[in-house]
Amino acid sequence: MSLIAITEVKKRFGDNEVLKGISIDIAPGEVVAIIGRSGSGKSTLLRCINGLETIDEGSIVVAGAQFLPDEVHLKALRLKVGMIFQQFNLFPHLTAGGNVMLSQMVVKKVPKKDAEAVARKMLDRVGLAHKFDALPDELSGGQQQRVAIARALAMQPMALLCDEITSALDPELVAEVLAVVKELAAEGMTLVMVTHEMRFARDVCSRVVFMHQGRVHEIGAPEDVFANPRTPELRQFLGVQ
Amino acid sequence: MTYHFDFGWLIESLPVLLKGIRITVQLILIGAVFGVALGIACAWVRALGPKWLRPVVATYVELIRNTPFLIQLFFIFFGLPSLGIRMSELTAANLAMIVNLGAYSCEIIRAGIQATPRGQFEAGASLAMTPFQTFWYVVLVPALQRIWPALSSQIVIVMLGSAVVSQIAAEDLTFAANFIQSRNFRAFETYIVSTLIYLALAILLRQLLAGLGWMLFPRKASR
Amino acid sequence: MTEFSFWDILRNLLLAARWTVVLSLVSFIGGGIVGAALLFLRIGGRRGIQLLSRGYIQLFQGTPLLMQLFLAFFGLGLFGIDVPAWLAACVALVLWTAAFLAEIWRGCVESIAKGQWEASASLGMGYLQQMRYVILPQALKVAVPPTVGFSVQVVKGTALTSIIGFVELSKAGSIVTNATFQPFTVYGLVALIYFALCWPLSKSSQLLERKLNVAHRNH
């Protein structure tokens, strides 16, 4: 059974139809890379899965729960899928530890002591146990993004959505973030990643989705998609003849 | 208790009101033009002018911004005659508004100048322009464009603040309202009407300034 | 007629300045409370309520404080009571201050990056939790300099209450002038006392602003 079932999803911004009927089923433990040109609707799709945007048609079902745009359903949905953003979006007034603890305490009502223990464990998992008391300001971009991952993991989601999580990083900081993601994949976490790191997509992902103009243009195992692109659009995107 | 509103007096008081409106409009038009001009001059001094003049302007700006307009008005109208400087109510009101707006717009425009990229000054200099030429031809217009919304708000604030010039018997809209309510004994209604007129004037002035900005700076904000 | 020395004048003005301070404090604190309520209605309330609070803010920002004082004075009078000047002054100044503070604070809330709303939403927080734990703590920090800055406007605004007969610093200035015929000295002193009250507030607002900007640049 699929963990995330996306069926015929359509999304419009005014007259601009950004998603024109997207269907993807994602099984538990799968690592799916979404690639495609800027403006093809990758971020919008991810934001729909997390309920940051409402959808106009179709359905999104996560672990058997239907996406419905009211506060109760949204909260249930967001407890099942976490999201990591390109710009990290850490809370600047809280320490790294505070960032990881906050939502556990206010959303899940976890007692402070337990939340702290979880936060320490999660920060350790991303290699930042020693930065528990550091403010986001005092961390490098790569470290901030790892804290953001720990923050999402602390909510014990069944899947993580990652939207170009290395695009805002200096080149030398990309590897440390990807290493964390790779480890998560190895541990069996379900991941949906929008990424421009083709090498990473090839090595780590179980499936690659190529989006073009609001549609799933090609989908398949990375070996197939990268080695035998069937459409001229994907060939052009990959820069092969 | 029931209170019966009565606006019957409005018709016969119309000429007085209209005269008051005319004076208020006249005050803000003159005040805005000369006040902003003074503000530009002061902003130039503070940013690029002679070193010895800078603290003088800074003191003027701080003094005005940290004292009530009412007291500035009283000082000009009642205080200055002790130095032999006498003027009519309207002149005093105008002068007070210019001096007041001059200080505020100086600060606003200065912020606009400070936001100018260094390269603009350097480009001017590299083209053999004097600092003043660079200021006048290169820096000023984009600076004004940057701060036009803030400047517009300040002009509206000064217009609303001008209501107190009635206290030195300058015959503005508030003076007219005071006069009317002393005759009709309908103070509340009279002030409701004059308040609404001020509101309309403020909205109108805002539109006017937006239109003016649109004319002066036709291109999209360059940042 | 009694002779007034310079020190008599100054003493009388300083005594009256106490009322300027008291009125400023009442207006600022009262205005802060009403303003906070207004802020929540303005950004969180239902659509009709949002429009209403927006109308309130625009009305008070778009009309002279002097007219608001007159309306409070004569409007409260309609209820048949003899309205003391201090009451009308407090009511008008509180309502006026509230409108400005609500608008200043709204700007601060809106200055918080959209990503903060999204990140907290993606963690499952509801609107009130986002506000309470993520947005307001950041907005409050940004709000301090302009709020302190606006307190200067409040102090200066109290001068207008002299016109409806409340005896504070400005009114005392007029009274002393009428007794001494020394308008230059008296209004000069009045101005200096206002300056002494306002300038530290202006300056600290500027310093706080600068500190905040430096902190922001380190991001």
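When the chains are written out, they are named A, B and C in that same order, and each has its own residue count from 1.
The criterion applied here is as follows: contacts are C-beta pairs under 8 Å (C-beta built on N, C-alpha and C of every residue); 3 or more make two chains touch, one makes a residue touch a chain.
The structure presented is a predicted model; accordingly, all values stated were derived computationally and were not measured.
The minimum number of touch steps separating chain A from chain B is 2. The interface with the greater count of contacting C-beta pairs, when A-C is set against B-C, is B-C. Located most centrally within the structure is C, per distance between chain CA means and the overall CA mean. The chain with its Cα centroid farthest from the Cα centroid of chain A is B.
The centroid of the Cα atoms in chain A and the matching centroid in chain B are 53 Å apart. Mean C-alpha positions place chain A and chain C at a centre distance of 46 Å.
Spacing of chain B relative to chain C, judged by their CA centroids, is 20 angstrom. Chain contact summary for the complex, chain B toward chain C: residues 1, 3, 62-63, 65-72, 74-75, 78-83, 156, 160-164, 167, 174, 177, 187-188, 191-192, 194-195, 198-199, 202-203. On the side of chain C, the complex with chain A involves touching residues 113, 115-116, 118-127, 129, 132-134, 137-138, 141, 215, 218-219.
Against chain C, the residues of chain A that register as touching in their complex are 50-52, 71, 74-75, 78-79, 82-83, 85, 87, 89-93, 102-103, 106-108, 137, 148, 151-152, 155. Residues of chain C that touch chain B in their complex: 59, 62-68, 70-71, 74-75, 77-80, 152, 156-157, 159-160, 162-163, 170, 173-174, 177, 182-184, 186-188, 190-191, 194-195, 198-199, 202.
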